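Chain lettering (A, B and C) follows the sequence in which the chains are written, and residue indices restart at 1 in each chain.
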Amino acid sequence: MNFSSALVTFPDKEWAKSIAEEIIKKKLAACADLFSIESIYRWKGNINNENEVGAVFKIRSEDFEEFSECVRSLHPYEVPCIVSYEISNGTDDYLDWIRESTIRD
Amino acid sequence: MNFSSALVTFPDKEWAKSIAEEIIKKKLAACADLFSIESIYRWKGNINNENEVGAVFKIRSEDFEEFSECVRSLHPYEVPCIVSYEISNGTDDYLDWIRESTIRD
Amino acid sequence: MNFSSALVTFPDKEWAKSIAEEIIKKKLAACADLFSIESIYRWKGNINNENEVGAVFKIRSEDFEEFSECVRSLHPYEVPCIVSYEISNGTDDYLDWIRESTIRD
């Protein structure tokens, strides 16, 4: 089984926490690490600058589609940042914890 | 088209913001997420400890060389950290936004 | 030679700094970038919420096993987060610095 880290950015800590808790409750991710960021980005021709909150989720790679659909259904942005990076290596017990935390009926 | 996240570290927020804005203006990246870090590193035989600012840029994978040359030309360090990680998955609209934000004539 | 970024999470800055310094002294990593996170995670059926410290280490990919065994031997958690992501691209001088900083007799 392959695992990934999925990065999503949010307007603030409240949005990040409420969506992260919902995703983890639904067992679409085992955990989320939240951290403050200052985002500089191009949007409709302008360069903008916002304080945001990033969240790195640990997921099964096969769940990315279901994970991203659930995030999108809850997220306030028109085009939220939802990308993932393959975990190339991990300790057996930790990866097994991700697997167990994402078993859905 | 493949996309990547490129990580660069800077001495402080001012350096990070000015270089990030320049890179995004030149459409070598769609965005940059800046965050505070404490860096512990080996340099010329000693272990040093500095407060720095990390920045994760979203780029086209094919642009890494041009991106890193531009960062280097602006960066104050002798050997700046410029590495990238392949984005294995992403929502179509978000990846398309990266593509559109990095179209150069 | 392949290189990776290894992510480990710690209870606080003191744990992160002491283990990171030990790992770098042993040349199992070239550097560590520490940053504050709020972690939301599922553990034994409950969803918990803790302030932690994340650390991203730069390592040789071939050293992951020795790196993770050393981290585990020093880490206070029962199942610490120890995962890695392949560096797909990097500037020659920076990657060479990682190589040189992780030469062990």
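By definition in this document, a residue touches a chain if its C-beta (ideal position, glycine included) is under 8 Å from a C-beta of that chain, and two chains touch if they have at least 3 such contacts.
Being a predicted model, the structure only gives us computed values, none of them experimental.
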Overall pattern in which the protein chains touch one another (line/ring/star/complete/other): complete
Same-site or different-site touching of subunit B by its copy subunit C, using the half cut: different
Chain centre separation in whole Å, for subunit C relative to subunit B (CA means): 20
Subunit C, residues touching no fewer than two other chains: 35-36, 85-86
In the complex, subunit B residues that touch subunit A: 3, 5, 13, 17, 20-21, 24-25, 27, 30-36, 58, 85-91, 93-95, 97, 101
Interface residues, subunit A side, partner subunit B - complex: 4, 6-7, 9, 35-42, 47, 49, 52, 54, 61, 64, 68, 72, 79-86
